[in-house]
Every structure is written in structure tokens, then in C-alpha cells.
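Naming follows writing order (A, B and C), and every chain is counted from residue 1.
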Amino acid sequence: MSPDPNLITRHTGQSRIERNSRALVRIGVSALARFYREREQPILGAGFILLLILAWQSLPAIVSLPRGISLFFTTPVEVVKAFYRLVEANEIQSHVYVSALEFIVGLGLAIAVGFPLGLVMGRSKVIDAMLDPFITAFNATPRLVFLPLLMLWLGIGIWSKITIVFVGAVFPLLINTYEGVKNVDRVLVNVVRSFGANEWQTMKIVVLPNSVPYIVAGLRLAIGRALLGVVVGEFFGASKGLGFMIATAATNYKVDVVFVGVTIFMGLSLILTHLVKMVESRLSRWRLEEAKTF
Amino acid sequence: MAPCIQATNVSLTFRPKNREPVTALREFSIEVATGEFVSIVGPSGCGKSTFLNILLGLLKPDAGETRLNGTQIAGPGQERAMVFQEFGLLPWRTVLANVELGLELKGVAVAARRSRAMELIQMTGLAGFETHYPHELSGGMKQRVGLARALATDPQVLLMDEPFAALDAQTRDLMQAELLQVWDRTKKTVIFVTHSIEEAAYLSDRVLVTSARPGRIKQIIKVQLPRPRDYEMRLSAKFNEIKAEIWNALKEELLGRGAGNGT
Amino acid sequence: MALKETISEYRRPLLGVASVVGLTLVWEIAYTYFIPLDPFFFTKPSLIGVAVKDQTLSGELWKDLAISSKAFLWGFSLAVIVGIPIGVFMGWRRRAEYVLDPFLTALYASPLVALAPLFIIIFGVGLTGKVALIFLLAVFPFIFNVFAGVKCTDRLLVNVVRAFGGKEKDIYFKVILPSILPYIVAGARIAIGRGIVGILVAEFYGASEGIGFAISRFGDTYRLPEMFAAILLLMIMAVIFTEGLRKLETILAPWKIGQEAR
């Protein structure tokens, strides 16, 4: 970058070197300011998170914690160390494997059931009316109430967890697919029908594309419910899995291990949510840019 | 020779749930010759859109019959195509894919329908916008897509339901001129519903004025102006006479509604 | 004739009632006469009905419900008191959004119940632990719904109030509050579900009272009818609350009906 000539001529009276170095500092500062201005949002966001982590890390060095609290206290560095220990001992891998299996199978089943059922309910008034009371009731109640029942029925193996993941994830998928089908524009249905489309073609050309954004939103909710199912299911009746690891670590006051588990869950859900968002924006290039809301 | 479109004593009553039934059309009859450009003007709610939907085959009349070239209309078919007031473009499809819709449903091979669609995109002045999505287009361009889509399957009859109502005045004038050019070239039979007397007079061979609901034909006005028509013609005395004639036929119906025997 | 019309008018609710009644009957009959499953693991509607009657009359279940409700109300109220101001602040101040949004979004997207065991060993299984967990889960829907509500507030209305001589206070109470009200209600609806999750997890975990404890104890002691009765009661309450709030939402903001996914 070449120095701005105006900058130099304003500073006559100073030695050339001094002038140049000052100018350089100025350029540096203004470049820095511009860098900040252009990226203020990510800098502030990431900065705050870093600051929190730093504060957490340095807390025990600044204030001496009372015994009662230091028992439950850990620092980010401790958490990272615990993570490496668990990886080296080949312990965490098997937990992750079991949790992932429960998550994938449960969510897969939920998709396989919720999506077609939502389509059928959206197109058939009778089935819709008949299933509606059940769906309203089950959707309003967190399906975790069934956990003790499922434990009773299915024991502590992976199937009780797969089932709780399934019942957690199936309703958002079903309901969102249903809403997507219901909210289809009548005019568009008429347009395709006027070109001679049959029911199946109408479905393919209008109804399905119209429900895609709803389905993806449903998938995002379903992922959250599925993770919840994995975590809580493993708390209360499992012999493997990240939730089990967290629960046992907590009872043994291994707070660093608790945070290893929590961080892995956080990371997973962030990655998955991000993936779904990417799919969403890919699939909805045709939509108007709307205000992002929750 | 049978008229291209023939509707005899068509009646239709809507019976919505939990509401009073509405008779939209009662014994509605018209005939339209092949290649003719006919406009329908009438008070709002008198059943014009309903009639077009019957011709399109989306609605079935309670009584009466509709024929196309002497054959009964039984459902949608590709000899008829509609240009919708609200455009009715699939928002997730590009301009090109929207224009291809009818050909796709007809089972035309990809390459063939692409070249046919490109032809119409050229003709309607949309070249360069093939990969745009509807939300990236202006109102006038959207309606060009609607027109191109309707023309793509080369239908014999073009049904147009207030196609230019959502456009601003200048775009509307432009689109009218372009429609006349296209019509001149393709020689379609057109049934054009509008609320604009000027538009009806400018475009049509005949203007049908309908009564308030339930709609029936009240008066038929022949527009004996030479073609091709241009914008200057709208300033002529003859043109204004025709407009006045349409207005006089319509006036009573509109005032009648105003006096409270409508709805 | 009149009957026929009534039927067609109420077709939808009638079909719903019919399918609920039908399923109950099929269950009852099948269990009684055809497939008598092990009563330790399964039960039937008539027995559940008796259990509902006994439990609600004896007041045992009410006691558990009252204990859970107390924790719920505390946690929920704290979530409202803390969540709404944070949401308003984030929505109204751009820099506050930049600073807080990534951090809070990350927390909202994560299964924070994973922290439940830690909360329980720190705060115990009593009221404090439950309240802390419920608060943690219920606060985010308030923050983010209010945030979205403030962002969607029409800036023109703010200027209108200013132009007529309104003060900062008027802007908050005459423009922002009314326009975020439906969002708060929507947030409350989501928060209720998450709050119940908090109660259940805390009470499954080792409480000695409360509805979650009751359900899990009935399970452990193979008292299936009582367990189903407790679940049914919780479901009915959840439906009343969420559907009530949904109604309230449509009353407060009729223009938003059916917009957002459930």
C-alpha cells in the first residue's frame, strides 16, 4: 500500500524519517480501524466468548475459592486435559459410538415415519381429523415422561434410547411436513392442474417443493429433540454413551469429565444445526431474503 | 363450422360450508369464433373468473354445457391455457423452468422443451433472465413469464383473467401492445377478462358486458376498428364512442350494485 | 336433516372423538379378551381410569403436582424476569446483539440438560436444583423470541411516537411492548415444554417427591395403571397450557396465525 501523499505534506517541519514512520503508524491504525469496522460483528461475538473462557480459566488465580465450591470447579485447561486422557484411554470413542448409533437410528426412524405421515395427513382430511387429538396431546407433552415406561419395557440397552429419540423427533417432523402441505398456495395447485397434472404430479411439482422449508425447519427441531433424548435417556438407564459418562462423572465429582461430555454435545449440535442451515439456504435460493427470526 | 368455444346455459352455484350458497353464474351463454379476441367486462363478483375456470376444466358447471370445437369440455387439457392475474409462477423454479411447466407435463423431452421455452422467452422479451427466480423479476416481467408459459404448449385458446391488473399504467400499456403483436403472430382464440373499459376496447374484436351476479351476458359490443391497432388510435373519436357504449352498458349494473341489490 | 347438517359441520371434532374413543375401546377389549399381556408391564384403560380416580381423590398426585408446580413457577418466573430484558436489550442495541448473539445462540442450540447432573450435585435434588435447571432451559425461548420481536418492531411507529412528542418511556410502553407481546407468548409456549423437561429430568434423577418422581417410582414398582394416570394428568395440563397460549397468541396477533412452525 503506498502512503497517501496528502498525509506527508501536512507534516512538513518534521524529519523525513519521523514523518514516514508516523505516517506508517497512522496507516496502520486506520487500516486496523477499518478492519475492525468491517468485521465488527464477528470480532465482538468471538471476542466475548474468548473473554468468558479466559475469565473462567483465570478465576481461581484471582480469587481463592472456598472449599465447597472448588470441589465442583474446573477450568477449561483441565477439561481439555481430561479430554485427551479419555481419548488416550480409548474410553470416549466407545461412548460416542453408542450415543451416535442411538441418535442416527432414532432420528432415521423418525424421518421414515414422520415425513410420509405428515404428507398423508396434509392431503387427507379424515386421517388428519382422526390423528389430530393424539398429535396435539403428544406434541404438547415432552415425550420424556415416557422414559420410565420405556425403560420398563425395553431395558437399559440401546433400544430404549432409540425409542425415546424416535418419539422425541417424530412429532416436529410430522407437524412441519403437515403444515408445509397445508400451506400450499391454491393458485399454484390450480395452475399445474390446468396444465393437466394428476395428483402425483401436483404433489411433485407444487406440494413437495412448497413444504421443503417447513420440513427443514422440522428437521432442525427434531435434531434438538433427538439429542435431548440421547442425553436424558442415557442418564437414567444405560451402561454406555456420553450421557452415561456425564452422569457417572458427576456422581464421582469428576467435573472436568462432565464438561468434556457437555462440550461434545454442544459441538455436535452446533455442527448439525449449521449443516441443516446450509441445506436450508441451498434449497431456498428462490425465496426472498427474509428477516431471520426464531 | 362449429364455433371454437361454445357455452350454453352454464349455471354454477358455490355451496361453501357454514355459509349461504352463492350463485355465481346462471344460464350463461357465449360463442367465440376461432381466432377471435373477446373481452368480458362486468361488475366484480359476477362470475367471470368462475367462467374461465369452467372453460379451463377446473370447475364443473351444475348445468349447461361447454364445448371446444364441438367437443364437450371434460377437464383440463392442453388446447387451453390460462394466464392468471396473480401470475401463479412457481417461486422455486427459474423463469426457464416455469415456462417449461406445461411441456414437462405433456411429456416433451428435455432438449425439445428447452428450445421451445427459449423461443418463447425470446418472443416475450425475457431473454437474459432465464435463470432468474420469480422474486427477482418486476411485475411486468412476471406476467411475461405467465404469458410465455401459457403459449409454450401452443394452445388453441388463451384464457386471460385480468392478466394486467397488477401492473402499473405504463407497463400495462406496453404489455397490451405486446399481447396484440403476439396474438397477431399466433392467431390464438383469446378470452380476456378485464375491469378496464379502455383495455377491452383496445384489444378486442368483441366486448361482452355481463350483468351483476349471477352473471349473464347483458350486451355485446363489436369493436370495428382496423388492425393492427396502435396507441394513437386510442385518441380517435371512434374509439371514444366505443368506450362510451361499453360504459353505458356497464353503468346500470354498477349503479344497481351501488343501490344495494348486489351482494 | 338437521342432524345430518350438524354432523357435517362438526365432522372434524367428531372424527377426533371417535378415534380416541375407538382406540380406548379396542385397547380395553383386546387386552381383556384377546391378548392378556403381563400386568406388570401393561395395563388397560379401565384400570387407568380407576387409578386416576383414586390418585386424584386421595390427593397423593395433587401433592406431587403441587411440589413440581412450585419449582416450575419459580424457574419460569425467573426466566421471564431475566429473559425479556436481555431480549429487548439485544434487539434494541446493535452492539449488544453482536456481543451476545453467538454465545447465547450456541447455548440455545445445545442440549443444556446435559448439565443436569452437575446442577443436581451442586444444588441438590430439592427446590433450588429444580429451579436452576428449569430456569436454564426456559430462559432462552424468552430471550430469542423477544429479540426477534424487537427486531421486527416497525421503526416507522417509533418515529411516529417520537414525532408526536413521545419520550423514551413512551416508545417502550406504546410501541415495543405491544408489538413484542405476541412473541413473548410464543416464547412462553416453547418455554413451558422445556420447563417440564427440566422438572422431569431433575425429579427422575433422585428427587423424593414431585410428579416426575411419582412417574418413575410407579415404574420401578410396576404400578402401571398409576403410572399411566400420572402421565395422563401431565399430558392434560400440558395441552391446556400450550393450546391456551396458542389461542392467546392468535388473539394478540391475529395477523400472525399459523406462521411459525411448532
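Everything below uses one rule, namely that a residue touches a chain if its C-beta (ideal position, glycine included) is under 8 Å from a C-beta of that chain, and two chains touch if they have at least 3 such contacts.
Owing to the predicted nature of the structure, the values given are computational and were not obtained by experimental measurement.
S.K.: Considering only which chains touch which, how would you classify the arrangement: line, ring, star, complete or other?
M.R.: complete
S.K.: Have a look at B-C versus A-C and report the one with more C-beta pairs in contact.
M.R.: It is A-C, judged by the count of C-beta pairs in contact.
S.K.: Express in whole angstrom the distance between the two chain centres, defined as the mean CA positions of subunit A and subunit B.
M.R.: 50
S.K.: As a quick test, compute the distance in whole Å between the mean CA positions of subunit A and subunit C.
M.R.: Centre separation, subunit A to subunit C: 21 Å.
S.K.: List the centre-to-centre spacing of subunit B and subunit C in whole Å, with centres computed as mean CA coordinates.
M.R.: Their C-alpha centroids are separated by 52 Å.
S.K.: Would you please write down the residue numbers of subunit B that are in contact with two or more other chains?
M.R.: Touching at least two other chains: none.
S.K.: Enumerate the contact residues on subunit B facing subunit C in the complex.
M.R.: It is residues 17-18 of subunit B that touch subunit C.
S.K.: Which subunit B residues qualify as touching subunit A in the complex?
M.R.: My answer: residues 53, 56-58, 75-78, 80-82, 84, 86, 88, 90-93, 101-102, 105-106, 133-135, 153.
S.K.: Going by the contact rule set out above, which residues of subunit A touch subunit B in the complex?
M.R.: Counting only subunit A, the residues touching subunit B are 187-188, 190-197, 201, 205-206, 209-210, 212, 284-288.
S.K.: Quick check on the complex: what are the subunit C residues that touch subunit A?
M.R.: Of all residues in subunit C, those touching subunit A are 11-13, 15-20, 41, 95, 98-103, 106, 109-111, 113-118, 120-122, 144-145, 147-148, 151-152, 193-194, 196-197, 200-201, 204-205, 215-216, 218-220, 222, 227, 231, 234-235, 238-239, 241-243, 258, 260-262.
S.K.: Name, in rising order, each residue of subunit C that touches subunit B in their complex.
M.R.: 8-9
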